[in-house]
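One structure below.
Lettered A, B, C, D and E in written order, each chain numbered from 1.
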Amino acid sequence: MDIINIILVIFFAGALITAFAAKISSIVQDILFIGTILATSIIFFLNINTNTETIINLSHINLTLGLTPLSLYFAFIVFGLAVLAGFYAVGQMQGKKKKGYFYFNYLLSIAAMFGILVSKDLVSFFIFWEIMTWSSYLLVIYNGENVQKTGIKYFVLSAIGAYSMLMAIVIIHSLTGSFLISDLISGFNNMSANMQILIPVLLLTGFGVKAALMPLHIWAPDAYSNAPMSYTAIFSGALSKMGIYGMVIVFLTLITKLPQETLIRDIIAWLGAITAAISTLWAIKQDDAKRLLAYSSIGQLGYIVVGVAIGTPLAMLAGLFLAFMHGVFKSTLFMVVGAIEKQTGTSNLKEVTGLIRKMPWTFIAALISIIALAGIPPLGGFVGKWMLYESLITSNHYLLVTLVFFSSTAAFLYCYKFLFGFFLGQEEKEWSHVKEAPAIMVVPMLILSLISVVLGSFPQLILKPINSALSYYSLPDTYNNLWKESMIFNKWGDQVALTPIVYGVAIVFIVFAVFLFFKNRKTSRYVTTKDISTSGEVPKEHENLTFKENFFQPFLRAVEPAMKRQMDKYMLAFAKGLEDLFDFTRRIYNGNGQTYAIYAIIFVIILLLLSNNLFS
Amino acid sequence: MYNDKNKQKIVDIIKNAARKHSLWVLAYGTGCGAIEVPATMTSRYDAERLGVRGAATPRQADVLLITGYLTVKTLKRVIRVYEQMQDPKYVIGFGSCTINGGMYFDSYNTINQLDLYLPVDVYISGCMPRPEAVLEGFGKLQELIGKGIANGAQQYKENLDFYRENQKKVIKNWDFQDYNW
Amino acid sequence: METLLEKIKDRVNANFDLKDYKIYTDLKRVDLFFNKEHIPSVLLYLKEQMGFRHLMHMSVVDWIEEGEFEIIFFLWAPKEKVKIFVKTRIDRDNPVMENMDNIWPQLNTYEREFKEMYGIEFPGLVAPEEFILESWSGPPPMRRDFETDKYAKDNFATRPGREDAQDVRETIAKRSGEDIPDFAKKYSR
Amino acid sequence: MESLLMNILGAVTTFLLAFAVGMTYGGLRRKIVARVQNRYGPPFYQNFIDAFKLYSKSTAIHHGAMHFLGPAFIMVSSVVSLMFIPVLTNNQWFPNLNFQGDLIFLIYIMVFGPLGMALGAGQTGNPNSAIGVTRGLSQMVGFEIPWVMALIALMVQYKTTSITGLLDIQVQSGHWFMFENPFAFSAAILASLGMFRYSPFDIVGAPTELASGPMSENGGKFLFVMMSSGSVFAFVKLTLIVDLFMGGASNLIILVIKTFLLYMIPVTYGIVSPRYRTEQSITYFWGWPLFFGLIAIIYAVFF
Amino acid sequence: MVGTPVLFIVIPLLAAFIIPLTGMVWKNSVRIIPGLVLSYMLALSVSLMWHITETGTVVEVIAGWKPPIGINLVFSPFSGFLATLMIFLGLLVWAYSYKFKRNVDSEPALKYFILLMLLVTGSVGIVLTGDIFNMFVFIEIVGISGYGLTSFYTRRDSAEAAFKYLFMGSIASTFLLLAIMIIYSQLGTLNIAEIADKMPMMSNKLKVISLIFFILAIGIEAEIFPLNGWAPDVYTQAPGPIGAAFAGIVVKSAIYASVRLVYTMFDLSGALDLFIVIGLITFIVAETTALRQERLKRMLAYSSIGQMGLVMVAFGIGTKEGIFAALFLIFNHAIIKSLLFFSGSYLVYNKKNKFIKHVNGMGKYLPITSILFTIGAFAIIGLPPFAGFWSKLAILTAAADSKMLMLIAIILTVSILEAVYYLRVINRIYFFPKKKSTEAKKPTLNALIVMISLGIIIMVIGFYPDLITGIIDRAATDLMDKTGYIKDILTINN
């Protein structure tokens, strides 16, 4: 049996066994869960091979499974996050209900993601895509009754995406006679002009839903914020990347062959940039950390889409690098929220304050991830952002780069809101009992934040696989062209050398930290946050001095016009209108026998009247 | 002859020279004296040319300027503000109310003598003192700093029990944290 | 104007047990005297029925000689531009007045002040903390029998050198040639 | 080894120069403001005295680790961005790291400081600090847009994103970019008004309203570090604009003249302007400056 | 030769008449004998299916009269497949309702099983017969047993539903008879094969009219829009398992009849397009109506109608792939909808109105039933890796191969609605709190076994569709082969 089959079988069997192990013991369940993930990951990482190909023969359809360099790269993300978030999930799910349900769907969606990545034909791609959709759907509605709307929204949009993909798939089959992706690529040139437009558009719609692209993104904030946080880490970190994965393939193989190439690229890139800008504004407005991060995820995915859509070698590198980085830091942040929610019982930024001394390790993870998210050097996020900007500037997208830059700068606001809301500010008595999260939750976060630090100075660890993945899809080899060891170039030959930057930042930082910290450490003493200069007033214990209400009100007031229109509302109104229409069709069946008889007569009469036209 | 003691002295002289010309004032605007401070700071009298400058919070300030009578309620806040200031710090009592109660000598809720509660470095007399007098007071403070004898903070630190006793005598609901050093 | 004020008086009189009244035409003002227990209903009536929407002020006068506190509510009708002073007297030794901050919320502030300064009790008054006098232990300071000088001397150390201070009242009395009233002699030095 | 030592020495020299120049400019500004207000004003070296006094003050209390690290973050931002700017056109004295990064990097490292300061201010727990921070960050989003547009216009026009590259083009051709693309220059200058945070954009640390905002809990050495970082940063900004738009400077005297002239723009604009509210300043930056930025890009693309 | 097709008719009919007699002797025989008969029939049909793979179509001549004069029964791969499926479903319905009304006296159970037997007999007869008048008779048998089952609970509502059904059914019979008369008057024969052979002789006008009458008559049974008004009421009022029987057996036989008409008898070119149009309208209207239903069984009924519309669309595509997809969908729909009816009737067991909201929180009390319902719902939505996905893929592929892009778009759009209303139910099952007044009824053992075996079939087909695709493929080939059919019947001389 082939490695890929073994991994899939282990996943499915593990999911089933884990789900039913609840009868035995909760710990056995945990062990089985972790065991399944670890076993599959170890098998995967020990047997990485892009040459093998498995074919499952069904009489009329052949399912072909195998790894390509690109899917290998995404599989890194999936498995890495799956292992870390898996350990975290064990910690987070302690003492919660419906554990078996959670584990089952978690494993199933990981398996489905892996399946998507190893699919070399469109049918198995679609099968795994749908398994991923419904397993994640079941986790989105994990929290019960009040998330039904969210669940339906997610599922309907996923269905729209999936079905447009399905339509593309059957069209492709009718045109090329095969479901293989390679046949699609080779046969694309021979298709008619209409089909050449239709197929990429349908596919992009399908992938755009998962990548939360502009008009299709309305499910994302609710879905991300309502799933359990240990799953949202995967959801936002890895699952959304499946959309990116599909987009990369479409852009690399199909769009390049079109005469309207630039137009489509520009449209998608602009959609991505607008997504990024708008969702950043909405993220600033949120008071719930989960929703904040959810909107932030949409924004970050917008950048990735911009990079992928522009499609120059540097932009592709940027998009894929950002995809990895986003997986790393955003899942860390979701884990941070999950840890805080577990310890305090709420994730509302207005309620929780001053946890920095209570949960220092969580804070460190959050700080590093936030810096990476904001794209500040010397962490990994900067590298991706730099490449994105340079590629946009050198490929003549000046207004686009301004828009992207705007959303990236505005992202600072919610970054700060997140850190300040949870960790900084007044230390309230209400949270004085809070302890650091258990080690099984903290260690994955710290490992992930370490990865963002390392990638800041050694991005070649990731850029090399990306390069090989892109050259597999016949993009030029950029090894010496655009980047070298710790040094990135743009098209015009300008460069950023990362190592001296890291050293410089580190040296200056250490010098001044030492100057401030060690010089004053002995003479100064810690005082609580109640001891502040409030015009001499002594704050009472119960008085809440933290500034939380209307946190960025002035800014929001300035950008109000951009936030007036909500896609969500339009879509809901549309759905409402449809329901009313359906209510009208329901009235056709009025329960009256005579009416039905009249229908029958009318039916006959219409057929008779039309018989000349019908049966010519 | 270079030795540790001399070195300390030289450093002190330099430090004092700097402190003397850079007085950041936290004007605690109680009573009617608050109206004299803007006049002192702005164009007519321009205290900034002496290095006197307003500070926004006690953490940044050097000089605590108490501009008038202090009720018991205000005194509590003033003590807290003083204790939040960082060394070196100085107190200027401003107007006769801080000296002996002034026209509020028999009020039921006003302290009469500031130096029982806070170590005052310089008093400026008058009801109210004109900006010229205020500038003169700053000049006096600078002189004292230059000589190294404006050591009110030191005095407060050493005689903390004395001050605490006096403060607690008038402030009945004593709920302070410890002194900040 | 006279008629308007009269009308106001008559209307109140028709509804309530008016003890006494006074009309100041030039000031556009009516003073109405009531017993203590009528006050809430009178105020409510004036506010809701007669357009005296605005409570300008509430005041207390210490009539130490008569052993009473006089409580005065200053009302203002924005439409007619007329003032009404509603007055009542309460016992000085047992000063209790009804809490009326549900009629005008701002009465809460006044009541807190009078509670501290005169020691008048307002049953049911919700006061989060001390208003002006933090941790005050002495008698209410605004009563006329409160000896402020003595209190200050006892509580606040005085710098030597104020002994020669003149009694202001005696000086004034000498200058204008009138006698100091008997009750005031007790407090003059 | 020797070259490394020389590099470190050069870096320290650059830092000291920036510190001295920035401090002096700050003092001069106070003097100028005083003269405009018909005052005598403090001596121009007053800032040095203040800085030294702040340094000599004790730091008896702190509010936790971020309280210490916040000022360090700001200093990183200032010093590292100083390292990446060519101070003089011939790089004998101040080589630093000019060739290692480029404009995009510089933009990002320049916003590093405010975020660090925000973190430091956040841990103090003072509500005024947080309010000030939100205003500061909001304003930053405001002025970054025209600023970036101006820079993009330059990059597009001259097909390079490197600061040294842009500088070299100016030196070789002898034309200053402020005449080549005046719109970009206008946008950059207007945006730089916001960067200096002088009036009318000083609501961030409004002393009477917010008790100096983010800095309200920082005294003594914290304030000293912030103050010197601000001075260095002022020098960085001025030098950067000189490098980008005014052909750089071949020696220190020219540098001082050019930067001082530039510095007079925000100073004089500030003296005569009342204070803007946050959303007013944001909309200000998204008005004419943004328009100039757009024009600059269009100009750069089509001409 | 293992057995002859005539046994499919004779044995159940005999059984239906014997049951009351044996029931007097031994009460439980009423329940057991139908099961034995159906099992025997299943074994027979499977062996026949096996047989015809080697020898080709089996044609049974009744009473020695050879076609075209005599009545004949045809067991071809196509009709055999459908017959097997129906018998299998009949067996499942029997097993599911084995304990039906056990605690009451045997009278209702007797009626029930007799009518069930008649229903199965009639449906199998429709599929197997080669004679249109015979087909008419069987349709009437199905209809009469259907009316009886509908009014099984002697309530006002069920009586009304049965009357509606009867009303429409009589319209259907009238028109069917008219159509048969027209054909007989023109061609002088009732044998399908001979009609097909002689059809070019008939004038076009009459051809069209008779076809329209046929479509009307059979369309009423096949629940096509707008002739399906009776169906939801019947589904709602009939006993729970009978819903599955209607969806799985009766409607399938009607579909068979209409397909046989269009593919074999008539050579009109526009008929297939008509199929697509009618099927599509039925599909859209039924699914949108289902979205707004408040009762579970009505919702399932409309969903069933919608699926039938989809089957007609697939037949209307007209290519072999289309027929393959349609048959695949028939198979999937039969097992999935049966599972949904079976499990759904337990989810709302003790409630009179059977509102959807009554399933709230059942996931906790009836875990296995809920999971099976979920599997069924996911399968019928067409989510992989369940069985429904493959048939959906097959239909879409067939449509794409025929370049019907709009058709694909419409089918997929409407499928989203289908997903929505099934998910609403699933969410209620798992995530809403149970109302206190609702009582969960545990399924009986035999019902549980039936449901689990259906669930397993769905999963197995989902993971390995090859189990069934071979048979379906042969059936599809058989249907396409019109001349083969005529030859098989008319040249039977042995």
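The rule is short, and it goes like this: a contact is a pair of C-beta atoms (placed from the backbone, for glycine too) under 8 Å apart; a residue touches a chain by one contact, two chains touch by 3 or more.
Just so it is clear, the structure is predicted and the values come from calculations on it, not from any experiment.
Q: Treat touching chains as neighbours and tell me the shortest step distance from subunit B to subunit C.
A: Shortest path length, in steps: 1.
Q: Which chains, if any, touch subunit A and subunit B both?
A: D
Q: Count of steps on the shortest touching-chain route from subunit C to subunit E?
A: When the steps are counted carefully, the minimum from subunit C to subunit E is 3.
Q: Can you name the chain that lies farthest from subunit E, using the mean of each chain's Cα atoms as its centre?
A: Checked the centroid distances; the maximum from subunit E is B.
Q: For the chain pair with the highest number of C-beta contact pairs, give its two chain identifiers.
A: By number of C-beta pairs in contact, the leading chain pair is A-D.
Q: So which chain ends up closest to the centre of the protein, judged by Cα positions averaged per chain?
A: The most central chain, going by mean C-alpha position, is A.
Q: Quick one: report the Å distance separating subunit A from subunit D, using the average Cα coordinate of each chain.
A: Here subunit A and subunit D have centroids separated by 36 Å.
Q: Measuring centre to centre with CA averages, how many angstrom lie between subunit A and subunit E?
A: Centre-to-centre distance between subunit A and subunit E: 45 Å.
Q: Using mean CA coordinates as chain centres, what's the gap between subunit C and subunit D in Å?
A: The separation of the two C-alpha centroids amounts to 61 Å.
Q: For subunit A, give me the residues that contact two or more of the other chains.
A: If we look for residues of subunit A contacting two or more partner chains, we find 527, 530-531, 533.
Q: Listing for subunit B: what residues touch at least two other chains?
A: As it turns out, subunit B has residues touching two or more other chains at 57-59, 76, 180.
Q: What are all the chain pairs that meet the touch criterion?
A: A-B, A-D, A-E, B-C, B-D
Q: Please name which positions on subunit A make contact with subunit D in the complex.
A: It is residues 354, 356-357, 367, 371, 374-377, 382, 385-386, 389-390, 393-394, 396, 398-399, 401-402, 405-406, 409-410, 412-413, 415-416, 419-420, 423-427, 490, 492-497, 500-501, 504-505, 508-509, 512-513, 515-517, 519-520, 523-527, 529-534, 545-547, 551-552, 554-555, 557-559 of subunit A that touch subunit D.
Q: Can you tell me which positions in subunit C touch subunit B when the two form their complex?
A: Contacts found on subunit C: 132-138, 141, 146, 148-149, 151-153, 155-159, 161-162, 165.
Q: Which part of subunit D faces subunit A closely enough to touch in the complex?
A: 58-66, 68-69, 71-73, 75-76, 79-80, 83, 97, 99-102, 104-105, 108-109, 111-112, 114-115, 118-119, 122-127, 130-131, 133-135, 137-138, 140-142, 144-145, 148-149, 152-153, 155-156, 159-162, 165, 211, 216-217, 221-222, 225, 277-279, 282-283, 286, 293, 297, 301
Q: Would you mind writing out the residues of subunit E in touch with subunit A in their complex?
A: These residues of subunit E touch subunit A: 163-164, 167-168, 171, 175, 204, 207-209, 211-213, 215-216, 219-220, 226-227, 229-230, 232-233, 268-271, 273-274, 285, 288-289, 291-293, 378, 383-385, 389, 393, 396-397, 399-401, 403, 405, 408-409, 412-413, 415-417, 419-420, 423-424, 427, 430-433, 464-466, 469-470, 473.
Q: Enumerate the contact residues on subunit B facing subunit C in the complex.
A: Residues 72-73, 76, 99-101, 105-113, 116, 166, 169-173 of subunit B touch subunit C in their complex.
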